[in-house]
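The same chain A turns up in both complexes below, where it pairs with chain B and then with chain C.
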Partner chain A sequence: MPLPLYYFLTITAVNLLMSWALYLPYRMGHLHFIVVANMAISGYTAAFMVLSLQLPFWLALLAGFLLGALVGYIVALFIGDAPTFAVVIVGFTFIYITRTVIENTSAVGGTMGLFGLPNVGGSPAAHRWTILAILYGLVFLVGFLIHRFDRSQLGRAASAVFIDKDLTASLGIDIKKMGILLQTFSCTLAGGCGVLYGFIYKSFHLDYFTFHVIGILMTVIFVGGYTTLWGTVLAAPVLYGVPLLFPPEIASWRIVIYGALLILVLVLKPEGFITTRFVHTIGSYWSRKRRQPTLPNRRKENL
Partner chain B sequence: MEVFIAQVINGLALGSIYVLLVTGFNLLLLVAMIIHFAYPQVVVFSMYIIWLVLGLTGNNLLLGALAGIASSILLNLISAPLFQKVMEKRAEVDINTTMVLSMGIGMIITDVLSHGFNKGHPIAFPETLAGGEAILRVGLISVLPGQVFSLVVGVVAVSSFFLLLYKTRPGRAFRAIAEDPNGARLVGIPLLRTGLESYALSGLLGGIIALLLSVLLGSASPGLGEQVAHKVLAVSIIAGLGNLVGGLVVGLFLGILEAIVQGYISGTWSNVIAFVVMLVIILAKPNGLFGLKL
Partner chain C sequence: MKARLIVAGVLASMLFAAGPGLAQQPVAVNEWQVPFLNCLTGPIASIGAYLQWGAERAAADINQAGGIAGKPVKVTGIDTANDPQKGTVEMARIVKDGLVALGPVPEPVIMAAMPIAVENEMVSMTATTSYEYANKFFPWTVSWFPPISKRLPPVVEAWAKQFSDMKQVVQFIEPYGAWPGMAEAHVPGLKAAGVKVLSPIEVPSDAVTFGPLVVKALDQKPDGIIFACNAEKIAKIVKELKGRGWQKMNHLLVFNSGDDAALYTIGGEDINGVQVYNFINPGLDTPRWNAFKNAYMKDHNGMVPPSLSTHYYDALFMIKEAIEKTGVTGDPKKLKEERKKIADYCANVKDFQGLMFKWDMKDGVPTNKPLYIFEIESGKKKFVREVRPQ
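Now for the complex of A and B:
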């Protein structure tokens, strides 16, 4: 597989999974930026386990998921039902603290970063296919789970919290429990993504875990559409892929382009390009199309 | 003891800047009903404009200050229609939408600063800006005239702003809208004009803050806005969103805490302590110490 295609597919998958990690808590109005810190915490821990403790990749990946879940759960105990702005600031604070701790810890490379992570499947080609298989396996699994969640009672309850938190609470829905569930799941996912992200490049550097990555993920969610998971499915490859086709002098301004696009969409199309209504329209169109061939036969039979 | 006193003076200068930042931020929140997360990025942009004008005019501070204030007001007024459009059909503060919109503005400002000024490298202001000889020197720690200037101007600006808010007619209009927008409209206060005035006033504050930060820090980088934005939001949350008096107390407290920690602990770890204190307070009291005013 050509390297540019490999990087496009893997980074798109990571962006998609991380967008879903932000999308889930946002279903009840929480912008849970702690996921970016979780990526770094789990990723660096896994890299340390593999490089210094000589533990296998699979164990490190599992540890990454579990660590993400643990950090997410502990924080969610405090901010499961907190106001949006408190959740945002907790996320930012975690990112700053995580960055500073990593910068000052020589065991994980400090400001230089960690390099020389081993191939997962032996050869470089096997490594790439293994990482791709894990990432897209995760994409299908998590996509299926979110799809089921969106259609479940819990998903409808999350939408109700988004619209009116007090009314939803008065209907007997435990907002804190739901917040803990969604935040823990999103942090678990982010932990795993952190480990996989490091193994894509076989290195870790703090430059990735900044405000920029939040900007990119938010653009994916808000431009694609935050009311359905399909918005991110469309936006993640397009927003990452299209700037790659630009000449370098324009591509270097891609954050400005993302910012402008984000503002335009918020002003002109606040729910993003793919909305729940749009998905329903497409869904009913397809079901009509599937039923259509039987209609003439029935008419003939009736005649 | 001398170290402690020197750091308290430093902390008061830094704290007065935080207070100004939080006040400008809260003014927009209360009157224009937006969470302008990119407000500190606007301030950093103005610092870059001051640096540019100082370079072009042979360090003419007056022209630099005027250019910084003008750019801050202009940027705030340019963003006003965007926020108004997003808020059009909403009767109350839509925290998510305005915050995300503001983050978009912040992304653009930070990236423009990264690409368009000094090839992305941090900028350094002339040393004469911070003053020459130290007024007080204890070991490695010194209090420069620039720090005292920042403290004095910061205190005067905060006092003037609170006087304007609590003792003048436009100030009463701002507070009336903050308390009850519909009631304010009924008694004849023009919401749109007052809203725009709040953008201009917070822009004016932004320009003053940019000047004070230039004097106090002596340098700036594109990422400075994000770091300050984070602290401003944290201070306003700890104080209670929209709580002006709470912002005054917590802003000063954070400034002093940071300075004292920096006096005794070296390196970037001092920032972590300030962040951990902020985190613990937010986790324990997500609605703030002084209560929300929304």
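Now for the complex of A and C:
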């Protein structure tokens, strides 16, 4: 596989998974930026396990997921039903705390970062295929789970919370439990992504986990559409991939193009390019097409 | 018979004399392409701009003098916008058929993109980062600096020894990249000068006000202060210090990474007298340096070239020397072998004539680069002394 394609595919997958990690809590109105801190916490921990404790990658990856879940669950116990603003503040604070702790922990490289993560599977080629397989396995698994969630009673309840929290509570829905569930799931996912992100680069640096990442994820969600998971599926590769195709003269204007695009979308299409209605329209079109009998069959039916 | 022997001898000696020329394989390219993974947009775009200027200036100078092995060279700036995500994809593109590259810049992009250059065995010159980052990617890059533990103590010792009243020193340290390590390397130098090192003051990367930090520092009653943080913050802290009555301006020392345009534009007259250590000496008077300096000043409204502006100029000249002296042809069929030739040559080049001085490399590390101490006067650096680490 050509190297640029590998990096494009893997980084797109991470952006997609991380957008979903942000999308899920946002289904009930929570902008849960703590996921970026989770990436760093789990990523650095996994790297420490592999580099210093000589533990296998798979164990470190599992630990990354579990650590993400643990941090997410503990925090969610306090902010599972908090207002959006409080959740945003907690997320930002956590990013600062995480950065400071890592900066001052020499065991994980401090401000210098960690170098020389080994190839998973021995050779560089095996490493690439393994990382790619894990990431796209995750994309399909998580995509399927979110798809099921969106169509379930829980998903509808989350939509109700997004519109009117009090009304939803009066219908007997436990908002806090739902918040804990969604936040914990998104943090678990972010933990795993953090580990894989570092193994793509074979290194960790604190600047991999800055507010810039939040900017990318927010653009993906709001340009793609925050009411359905399909919006991020469209926006993640397009927003990341298209600027790479720009000629150097235009590439410098990338940020301006992003900004203009975001403003345009927010003004003209506040729900993003892909909305629930759009997905339903496409869905019904395909179902109609499937149900429509073919001509010979119709003739047989007439006979 | 005798005459024939003489003719044969003459021909043989002519052939021998012309040997290197005949041994030189024909160059297989019409133009040498050198991609430069640089930060042309984003938070450090201003630094990226003068790094790019330096590399392009080198290309212009080389082309004017006949190119590399007779062919012109072109430096193409590739913007990574300080984004590791973009840096990796761009590096992955370059390693496919690139002979050699410049950059990446800065550390987060280096860490993400350099493993790709290493895996594909292509030299990419990370000429602005410290040894502590560069050495992780040897032999596919070279360090532009010796290890901080060797180069910094002597210069700090020399600074402290200028002042007999310098008894205790405090450091302002920003936790970024190699900076805490550099601050740590100042300590042995201070101790060697018999100076007591006070508790350091951490400057948060997102700090916007510096009053409390300055109060905390002054509370320890220091005689001198060393800054290991970014240029903009240093200028603001110096202003704050002056506002609180600090008068011994030459008892303030700025580390080399802080010697950047923002220090002068924000600091203005308030930084007069402050001392700086760095690897380049803008006061040097040689035709080559003067031409570079004047061209830079002409293109930048009279601004003196910043400290890192020469690095990629020298890097491109080092590549030129490597190509010419090792007979690299640019033939795609010999890519692997020629990449190795460039790596080997650069890692151990001797007497390399840089823009400012000559230096040697040993296994990718410069062995004899000097450091300079300056005093700032009306936005200009006045030479104080040269320090050559042993």
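Convention: the second predicted complex is superposed on the first by the 287 of 303 C-alpha atoms of A that agree within 3 Å, B and C clash if a C-alpha of one lies under 4 Å from a C-alpha of the other, contacts with A are read in each partner's own complex, and residues count from 1 in each chain.
Just so it is clear, contacts are C-beta pairs under 8 Å (C-beta built on N, C-alpha and C of every residue); 3 or more make two chains touch, one makes a residue touch a chain.
Not measured: the values here are computed from a predicted model.
Peer 1: Have a look at chain B and chain C on chain A after the superposition and call it: clash or fit.
Peer 2: Chain B and chain C clash in the superposed model.
Peer 1: Just to be sure I read the superposition right, which of the two partners does A:218 touch: chain B = first, chain C = second, or both, or neither?
Peer 2: first
Peer 1: For A:29, select first, second, both or neither according to whether it touches chain B, chain C, the two together, or no partner.
Peer 2: The first partner, chain B, only.
Peer 1: Applying the document's definition of touch, where does A:258 land relative to chain B and chain C: first, second, both, or neither?
Peer 2: A:258 contacts chain B only, not chain C.
Peer 1: In the overlaid three-chain picture, which partner chain does A:152 touch, first (chain B) or second (chain C), both, or neither?
Peer 2: neither
Peer 1: One more residue to check, A:101. First (chain B), second (chain C), both or neither?
Peer 2: Touch partner of A:101: chain B, not chain C.
Peer 1: Have a look at where A:82 lands relative to chain B and chain C in the superposition and call it first, second, both or neither.
Peer 2: first
Peer 1: Where does A:266 make contact in the superposed view: on chain B (first), on chain C (second), on both, or on neither?
Peer 2: first
Peer 1: For A:52 in the superposed arrangement: first (chain B), second (chain C), both or neither?
Peer 2: After superposition on chain A, A:52 lies in contact with neither partner.
Peer 1: Quick check for you: in the superposed arrangement, does A:287 touch first (chain B), second (chain C), both or neither?
Peer 2: Touch status of A:287: no partner.
Peer 1: Taking the stated contact definition, name every residue in chain A that is touched by chain B in one complex and by chain C in the other, in rising order.
Peer 2: 103-104, 212, 252, 255
Peer 1: Which residues of chain A touch chain B in the complex?
Peer 2: Checking each residue of chain A against chain B gives 29, 31, 75, 78-79, 82-86, 88-90, 92-94, 96-97, 100-101, 103-104, 210-212, 214-215, 218-219, 222, 252-253, 255-256, 258-260, 262-263, 266-267, 270.
Peer 1: Mind pulling up the chain B residues that touch chain A in the complex?
Peer 2: 35, 82, 85-86, 95-97, 99-101, 103-108, 110-112, 115, 223, 226-227, 230, 233-234, 237, 241, 267-269, 271-272, 275-276, 278-279, 282-284, 286-287
Peer 1: For a test of understanding, state which residues of chain C touch chain A in their complex under the given definition.
Peer 2: 40-42, 76-79, 81-86, 88-90, 92-93, 95-96, 107-108, 111-112, 115-116, 119-120, 132-133, 136, 175-181
Peer 1: Could you please specify the touching residues of chain A with respect to chain C in the complex?
Peer 2: Going by the criterion above, the answer is residues 2-4, 6-8, 11, 103-104, 110-113, 115-116, 124, 200-205, 207-208, 212, 216, 240, 243-244, 248, 251-252, 254-255.
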